[in-house]
Amino acid sequence: MKVGFIGLGSMGRAMARNLLKAGHEVTVYNRTHARAEDLAGEGARVADALADTASGEVVITMLADDHALEDVLFGSGNLLGKLRADQIHVSMSTISVELSLSLVEAHRRHGTGYISAPVFGRPEAAEAAKLFVVAAGPKAAVTKCQPLFNAMGQKTFVLGEDPPAANVVKLSGNFLIVSTLECLGEAFALVRKYGIDPQQYLDMLTNSFFSAPFQKNYGGIIAQQRYEPPGFSLRLGAKDVRLILAAADAANVPMPVASVLHDRFLTGISRGLGEKDWSAIAQLEAESAGLK
Amino acid sequence: MKVGFIGLGSMGRAMARNLLKAGHEVTVYNRTHARAEDLAGEGARVADALADTASGEVVITMLADDHALEDVLFGSGNLLGKLRADQIHVSMSTISVELSLSLVEAHRRHGTGYISAPVFGRPEAAEAAKLFVVAAGPKAAVTKCQPLFNAMGQKTFVLGEDPPAANVVKLSGNFLIVSTLECLGEAFALVRKYGIDPQQYLDMLTNSFFSAPFQKNYGGIIAQQRYEPPGFSLRLGAKDVRLILAAADAANVPMPVASVLHDRFLTGISRGLGEKDWSAIAQLEAESAGLK
Amino acid sequence: MKVGFIGLGSMGRAMARNLLKAGHEVTVYNRTHARAEDLAGEGARVADALADTASGEVVITMLADDHALEDVLFGSGNLLGKLRADQIHVSMSTISVELSLSLVEAHRRHGTGYISAPVFGRPEAAEAAKLFVVAAGPKAAVTKCQPLFNAMGQKTFVLGEDPPAANVVKLSGNFLIVSTLECLGEAFALVRKYGIDPQQYLDMLTNSFFSAPFQKNYGGIIAQQRYEPPGFSLRLGAKDVRLILAAADAANVPMPVASVLHDRFLTGISRGLGEKDWSAIAQLEAESAGLK
Amino acid sequence: MKVGFIGLGSMGRAMARNLLKAGHEVTVYNRTHARAEDLAGEGARVADALADTASGEVVITMLADDHALEDVLFGSGNLLGKLRADQIHVSMSTISVELSLSLVEAHRRHGTGYISAPVFGRPEAAEAAKLFVVAAGPKAAVTKCQPLFNAMGQKTFVLGEDPPAANVVKLSGNFLIVSTLECLGEAFALVRKYGIDPQQYLDMLTNSFFSAPFQKNYGGIIAQQRYEPPGFSLRLGAKDVRLILAAADAANVPMPVASVLHDRFLTGISRGLGEKDWSAIAQLEAESAGLK
């Protein structure tokens, strides 16, 4: 399939590469041009301008935040203005439910297709084409894009025809992940304060009930306190927590643990941990317990 | 081995039965005599009085709470007074760190052995001899009891020679489980408020990253809102949350999510959910979001 | 002085009336025209269009929220476009710090003066010209407007030349008020659950240390559970709590009690209390304790 | 009246002195004998042993905590055993509701009178006989003790005949005070982060709505960050917060702000602020916001 791909961060680059590997014809664009050039050697066509990505059947965006996507679509990029009625925009990054609602409306007015298809997985999973894709949008459009999802992920969950539902689900999933970080941090602070060896504790947890891969992964980081280099920075984590709370606020859903997370991440940024891994909130919890 | 076993609730009965199956000579005692009689047919010797359990090498207690254990050991039961120096008390129920500290001291003075060996797992796991045992105590005593743990559990984690460490670890593990209930409840309230099908949401979660068995189990209960009959009642859950906070308090470890849990469980009891499954805290969260 | 006054809710109308009483020449505007007509009999000139308010030295806005003010200034109203360089805009309603920052910039570019001057006090205080005015803006402009503040309030606190500072202070003051509601609600739930008479409890509190007028006022409402008619609705309270958290978020200041408030107000809206007095959060607290 | 007075901390000493000034015959006892000797010059009879305080009509206790009172009454002191049926025990320190319930029962069995009469006010208020006394107990006994309360306080609130009610009210009042510290701390962190002068902010608050004396007092301490010497230490504050939560827990009343306080005070102790004034929790809040 002929695909435009915008946004080549650590996630986007891996995803675009897997599309290439699967034989799709991919035109890539990145604000910082050099990141796009890297993919030329792997068969990508490098767009000089945003508009060049709009020549295929599908344009995928994998951008840092709401602002970046708004800028690409409506702002200086004006990508929306360049899309034809038979083209589909697939938004795969983590954006707000509010923006997703606006995109539904904007694409409806413009006559273009819109699928929301955020993903679960860290850069390693993206590289291994092991992402989980959560897709929502018009059935025909989703079916058309399925080969692309297959090239990037290990499984696609189709949630219906209402794109923002996928964003809600993505955010609520992120909530479950980040709240695990907070809870692990509290648990480790407790056992460490009682003089228990963190690694021994972790072994017990992960070899008994706390056995999901993400639990093992983050448990290991927290047990060893290796918050650098960041897999996903605390500053970006704070952004995600804000999006969760915004979705909760808009629907009047009280989420007290999300509120605890919000205060924790603000503390992390204020105390200079913004560029550490987001699991470094466990360091704050240890400090509050007087550890180290 | 010759073993006394005190406390035949749904956990204790299954554990005693597995000791019998493994060929141990078990004398059982339960305050409500009838529950003990049930095991007679499976080879148990039924004690008429608490003291009769103290004739073997090891006495295991699996009682409802601190109060019950104190009563057995120090109170009307006066079990401690009947134990000889070469006997070992293995405390396997979930008790406070504070009581475990007292037991260390009481057994030291009395000259008897003491192992703290709480378990992870619900009654089904106890029946299937699939418990996880977290043991701490004098090395020789733990080694001696290993065949018993093998008969009841699938794995034993030995945490060192200080018995209360096992209680801290057990409580912190319970914290991770019960905080998962709270977080799942918040996530389900959010997605349901946005009109997303809970079962579809659950499928996505448990077939992607939220894949540990206890996550699937509780996710299913919450998605289907089947809080009866209780696997573990909200009232008992409240007791566990209190023990977690007491351990945190004694060590000056702030645990904000545990505090959220405490308020949630108090609400549950006040609103008449005490005898439902402890995952019914998700019902409170749904109600706070105006659902149902 | 010749003054335009936009926004005649229960606060604005009383404030405009006091300006008239003090001898100022006031042109009033309200989206719902009838509310403006009411003031004609008291000497106000009634503007047919927003632009008619821009003929004096000062234009005061007292609007419901950010959105209303943005619409008046930048949107359909385009009031900003009609202001001359020697005119001053005094924003007196509770708006976000973010919007206040935008206003600084917009007025700077347009060359007009801008004072932020939110007020403390309920409608009764506005009627009695007993408001507390918190003003920030260029010194000369504030001095010029002082007679207006004197006509509407009992005291003016000048916070410096940076307008958003006044908004931060107003929001933090609202935080102290609304957190008092939450804390009173928790305290009343506790004493009521122990069978203590709420009125007797209130008498003790307000005749000893809890003696500020707003404490007496809200204590009385909560003790008697008379949440209707609303002095200030829970729905509007939720808006204020959001503004507080937005200000905290922008400056990375964790405010856990504000987070508790946020969850509480969302619950209130979801449970149908949006149009009751904002102190009705105490009803939610009583219900969580199983009261009534 | 002939009165025994046990416990001569900064509160107790001032209270005993005011009883002497009012002409009562006071026998004082303190574990550290020297503190008692100080009062000899002011007319007190100094007891050599606890039992010597039990010769009058009333024995007042003003001790540090539950433990100290239990020790005096039931433990090594065995004061209860020495009281005659016509004597009244007035417990004036801040104790748990649970202990107060035990005292009701113990005095009933022993046939002695029991009044719970905790006080509001700091040592300066105690010295000036300006305490607020919250009394509950048998009507005749309270009437008999009224002259004593008059000598120590500016006002007595009689809450009925059930002594523990006075303890609940005292604890809930302390909750309102200590939650004010937390909220002030959050508000000051916010305004300071925005560069607003704390003293100017305080002036605005206390000269407008935040006008109760305790608000001014603590606002001043926090604005100036003078947490030493402590008027009431953070460590003792933590004790009070525990008593509040214990009372809430026993009655199944969720108190989320009290939970925030609990975590805050644990953090304070863990971070070495235990001997500072309890308002030093505001320092923790400032640090979490990255201030200083």
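Every chain is named by a letter (A, B, C and D) in the order it is written, and numbering of its residues begins at 1.
Here, a contact is a pair of C-beta atoms (placed from the backbone, for glycine too) under 8 Å apart; a residue touches a chain by one contact, two chains touch by 3 or more.
Quantities reported herein were computed from a predicted structural model and do not represent experimental measurements.
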Remark   = Most remote chain w.r.t. Chain B, using mean C-alpha positions, is C
Key: Chain centre separation (chain B, chain C; CA means) in Å   = 52
Query = So, what's the distance in Å between the C-alpha centres of chain C and chain A?
reply = 39
Remark   = The positions of chain A in contact with two or more other chains are 248, 252-256, 260, 263-264, 266-267, 269-270, 288-290
Query = So what shape is it, when you link every pair of chains that touch: line, ring, star, complete or other?
reply = complete
Inquiry  = Going by the contact rule set out above, which residues of chain B touch chain C in the complex?
reply    = 256, 263, 266-267, 269-272, 287-290
Sites on chain A touched by chain B in the complex = 97, 120, 132, 134, 155, 157, 159-160, 162, 164-165, 168-169, 171-173, 175-177, 179-180, 182-184, 186-187, 189-191, 193-196, 200-201, 203-205, 207-215, 247-248, 251-258, 260, 264, 285, 288-290
Key: Touch list for chain D against partner chain B, complex   = 242, 248-249, 252-256, 259-260, 262-264, 266-267, 269-270
